[in-house]
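Structures given as C-alpha cells follow.
After this come two complexes, each holding subunit A, first together with subunit B and then together with subunit C.
Here is the complex of A and B:
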C-alpha cells in the first residue's frame, strides 16, 4: 500500500490529464470532480472494494463444485474461467494500457511450447514447466514491448506488429524439429498436483479458478496502483503524461510484460488440460481473438470486465451450439458478429451498461 | 545444403514468378492503401473480402460457366457496391472517432466472413480448370504458367486504370482532396461521407478485379485471405501508407522477397521473410520507402 501522500500526487496528476482526455474515459473522472482528498479515499476505498468483490467471487466459485454435479457444468465453468484468464491478461495491456494487441497468441504459444518442450525433452514435472513458461511469457512481453514502444509504434501499427509476430512464431514452430513441427507435441499423462494434471474435472476447475483469480487480482492492482495511474495517463494522453515526467515507454513495456506473463500461464493451462498442442492451435489467430473479445464484451479496462465477458460469451456459444447444433464455424462467426455489435453499440461493454443507464436516467431528469 | 549452382539456375525463374505474383499483391495493396490514404483506417477484413470475391468467381465459373476474366464485369461492380454499403452501414457507425474501433470492427467482419465461408464451402481448397490452365509461356528463359502472366498483365492494367481515374476524373480529384484535407473538402462543397464510401468501394473493386485475375492461377479456401492480408499490409507499409507508386513497387518487391525466401529457406520457413520485412519496416521506417513522414 502507498501512503496517502503519494496517492494524492498521483491522482492530482491524473486528474489534470483528464482535462485533455476524452470525457469519461480515464479512471479518475470521479476524483477529478470531487477534489483531491475525496479522491484519495475513493482510491483506497476502490482497492478495498475490489478486494472484497474478488474475494466474494472467489469464495462463491470455490464452493460452486458442491452444486455443479455434472461434468458438463463443471467443464463449462472451467473453460469460462480459462477464458477469463486470457481476457484478464489481454485487458492489462489492451484495457488499462489502451494498446490493442492482435497477437497475444505469441505469449500463449510460448508458454505452452516452453512447458511442453521441458516436459517432453527434459522430463521435468509440469509445475517447473509452468514457472518456465510464465517466465518465457514475461521475457517475450518485455522484449516485444521494448522493441515496439521504443520505436514509437502506436495504435493500429502496434496491433499489426503483434499479429505479424504471432505469425512468425507460428511459422517457426511449424518448421523446426524440436517443437515437433506441424505434427505438434503431446505430453504424457501423469496425474498429480506437481504435474498439474488431474483425474477428476475438479482438479482442473480449481487450477483454472486460481489462475483466473490471480489474473483478476493483478488487474485490480493495476487499476488501483500508482503504476496503473501512470498507465491510464499514458493511455489517455501520452504526450501530456510524458510532460508530467512519466516514462511512458517503460510503463507500456512493463504492462506488456505483465500481460504476457499471465497469457503464458493460459498457454500452460491449455497444455495441461488438452495434453496436446500444435502451431496453429496455440499461435493461431483464434487465441488472440478469444483474449481480446472477453474484455471488449465485458468492459474494457475494468477489473471484472474479463470475467463478465468470458461468462457471457461462454453462455452465448453454449446457446448457439444448442440452437444450431455442432457447428464450430457458425459459433465463431457469431463471436465476430458480437464483436461488431459491441464496438458499434456498447463500446463500454456489458459492465458499462449500468453506467449508461444511470447517465440516461440523469439526463432524463434534467430534461 | 542446397547446391549453389542449382540456386543460380533457379534464380531467374523464381524472380519472374515473384514479379508476377507481386503484381497481384500490388493490386490488392492498392485497394488497401487507397482506403487508408483517404479514410485513415486499416481495413483488416481486406483479405477475407478478397476471399469472398474469389468464391464469387468460383461459383460463377462452376454454376454458369462464366470465364474468370469475363467475370470482371460482374465482380468489379459487385464488390464496389458491397464496399459502399459496408462503409456506410457497418464500418462508419462503429468508429466513434477512434481508429482502433475500426480495426476491431473490420476484425469482427473478417471473423464473420471467414467462418461463414468455412461453414458453407467447407474448409477444402478449390481450384478451377480452364482451357489455358496448363499453358506455359517462355519469358526470357523462364517458363511460367499462362494464367500467371495474364494475372500480372491484368493487375498492372488495373493499376493504370485506377491511376488515371484518380488523376483525371472529378471523383478522383474529390478523393484526393478529401485525403489531403477532409475539412477543407467539406467547405468547398464535397460530400465527404460519400467520398469516404466511394473510396472504400473502389478499394473493394480492386479486390474484385484481383480475384478474377488470381483464381485461374491460384486457389481458394476460406483461409486464403489470411495469407493475403498480412502480405498486403506488408506491401502497404513498405511502400508507405497511402502512396500509390509505393504500393506498386512494394508489391513487386514483396513478390520477389517471398519467391526468393521460398527458394533459399524452403517452402515452410520461406514465408517468414515477408513478415520479417514487415516488422522491420514498421519499426525502422514506418513511413515506408515512398511515404511522407507520418
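Here is the complex of A and C:
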C-alpha cells in the first residue's frame, strides 16, 4: 500500500541483519549454562554485575583513608561522596524516571531542618533526627509527586513547580520563628556515632561513604528491578506504559518519594558536618544544581553516573580554584559552562563515552 | 467478550464516535474498518480507557469498564497496540517486551517470558538491539510482542499491517491467526483488505463516527452503503451498472 516505505523497510531489514553479526555477541549465541539467549542472560545478570562493581568501589573507598593522609585529601573525597549522595538521589527521579527536578533542595532542606529542629527544640539524639528527616523527605516527595503528576505536569512545567516549591520553603524558613528565621540554626557539638558527629575527619568520611553507597545501591536496585523497568517505561513512553498496565502516576510518585528520601539524608549529613544551616544554604538553588549536575555529567539514569560525575566535578572545581583563586561566583559559572558543554556534546555523560565510542567504531566499520 | 452500547465521543462540534454499538464474542476475530477519519482509532481509545466516552457503555468480559483508567483496563486483560508504534526508545527489544510481561511476574521471569514471546513473533534473533534501530516491520512486530507478553484476553490491534510490504503482511497474517488459536479474542482496525477478508469473522464498518454496516467480510464489501463511504456518492450504482 505504501511502496516507498516498504522498500525502505526491506533494505533496512537487510542491513540490520548484517550488523547483528559480531561473532559470539549476537543473541543467537546461547550461554552454555542456562541454554537461554545471551541477551536474556546478560539482562538477568545486571544485578550481580552492579553488586560486584559497587562492592569493589566500596572496598577501595573504605580502605582509602589508609593512604589519604592529609586532611585536605580526606575532606576532598568526603565532599565528593556527599555530592555523590545528592546526585544519586536526584538520579532516581531525574535519570531513571526522566522527570527533571530543579528544586531538589526542598527535600534536602526539609531533612536538614527537621533534624535540626528536633535536636535543638526537643533535644533528641542526631540519629533520631536522621530518621525523622529522611521520613520528612519521603513524605514531601510523595506529596510533591502526587500534586504534580496527578495533574499531568511534565517536562519544564514539573521543573518549574519543583523550583518554585524550594523557593516557597526557603521563604517560609526565612520567616517563621521555630526555624530560627534568617539567622538559621546551630546544633550543639556532641561527638559520637549516635550523634553522627566525629572528632576526626575519618568519621565523617565513613558516614558519607555509607550514605553514598546506600544511595548508589538504591539506584542499582531501581535499574534492575521490576519497579525500575516500569519507571523507565513511563519515562520512555508513558502511553505505551499505561497500555501495558502500568499506573504511570503512581510509579512517578513512588520515584519522587524515594528520591526525596535520599536527598533528605544528604541534608542531615550537611547539618552534622557543618553544624549550621540557614534558609539559603539548604533551600537555595545551588543545592538543587549540585544534585542534578553530577548525574548529567556522569551519565543520566546509570548506576555509576552520579559517582563519576561527582568526582569529575570535584576535581574540576578544585583545579579551577587552584588556578583562578576563590572568586565567589566562580564555581557556579564554571558549573554552568560544564553543563552546557556536556548537554551539547555528551548527552550520555562521561559514563556514556564508552558506548559512544563503540557506536562510532561500529558505524565506521559498516560504512 | 466485548460489548459496546451507544458509545459516543464528541470533540467540539465533531461527533468523532457517534452511538456505536457492537458485540464481539469470545474467540473471534473482529475487524473495524472504514475510511480515514471515520473514528476507528478514537473508538479504540474509548474502549481501552485512553479517552473517556461522553455517553455509552463499554462492557468487557461481563464487567462494566466504562471510564476506567487505561492501566486498569489493561490489567483486566484488554490490551491495545498503537497505530503509530510506540517503542520504549533507548531500551532493547528484550527490555521492551519484558515490560509487557512483568504484570504478573517477577523481573527475571518476565525477561525469560519476553524472550519466548519474541521468538514467537520472529524477533528472537534481535533481542539485544535498541528498539529504535528496528525497521518498520520489526517495530510493528515489537508492538505486537509487547502486547502479547501482557497475555491479553482481548487484543486490540490498530493497523499492525500498515506500512508492511506484501511479503511481510503474508508473514504476520498466520501470526494473528495463531494468537486467536491460542485463545485470545482479537479486534483489529485494518486497511489491508487481504487481512480483513482472510482473518475476520465479523466486520463493522465505521464512517463519520457511526456504524454503517455489520456482517461477514463478504457481505459488507458488497454493501452499497460501504462502497459509497469509500468511493463516494453514487459509486455503488455506477459499479452495479458496469457489471
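Following the convention adopted for this analysis, the second predicted complex is superposed on the first by the 326 of 367 C-alpha atoms of A that agree within 3 Å, B and C clash if a C-alpha of one lies under 4 Å from a C-alpha of the other, contacts with A are read in each partner's own complex, and residues count from 1 in each chain.
Heads up, the rule we're going with is that a residue touches a chain if its C-beta (ideal position, glycine included) is under 8 Å from a C-beta of that chain, and two chains touch if they have at least 3 such contacts.
These numbers were taken from a predicted model, which means no experiment stands behind them.
In the superposition on chain A, A:167 makes contact with subunit B only, not with subunit C.
Touch criterion met: A:151 reaches subunit B, while subunit C stays clear of it. Once the two complexes are overlaid on the shared chain, A:283 sits clear of subunit B and of subunit C alike. Residue contacts after overlaying the shared chain place A:273 against neither subunit B nor subunit C.
Contacts of A:113 after superposition on the shared chain: neither subunit B nor subunit C is touched. Of the two partner chains placed by the overlay, neither subunit B nor subunit C lies in contact with A:90. The residues of subunit A lying in touch with subunit B in their complex are 22, 100, 102, 147-148, 151-153, 155-157, 159-161, 163-165, 167-168, 171-172, 174-175, 182, 285, 289, 292, 296, 327, 329-330, 332-333, 335-340, 343-344, 347.
Partner subunit C is touched in their complex by these residues of subunit A: 1-3, 5-10, 12-13, 16, 20, 26-28, 36-40, 42-44, 224-226, 229-230, 232-233, 236-237, 239-248. The touching residues of subunit C, when paired with subunit A in their complex, are 48, 50, 69-72, 74-75, 79-82, 86-92, 94-95, 98-100, 102-103, 106-108, 110-112, 115, 124-129, 133-138, 146-147, 150, 162-165, 168, 191-192.
Those residues of subunit B whose C-beta lies close enough to touch subunit A in the complex are 42, 90, 93-94, 96-97, 99-101, 103-105, 107-113, 115-116, 118-119, 226, 230, 233, 237, 266, 268-269, 271-272, 275-276, 278-279, 282-284, 286.
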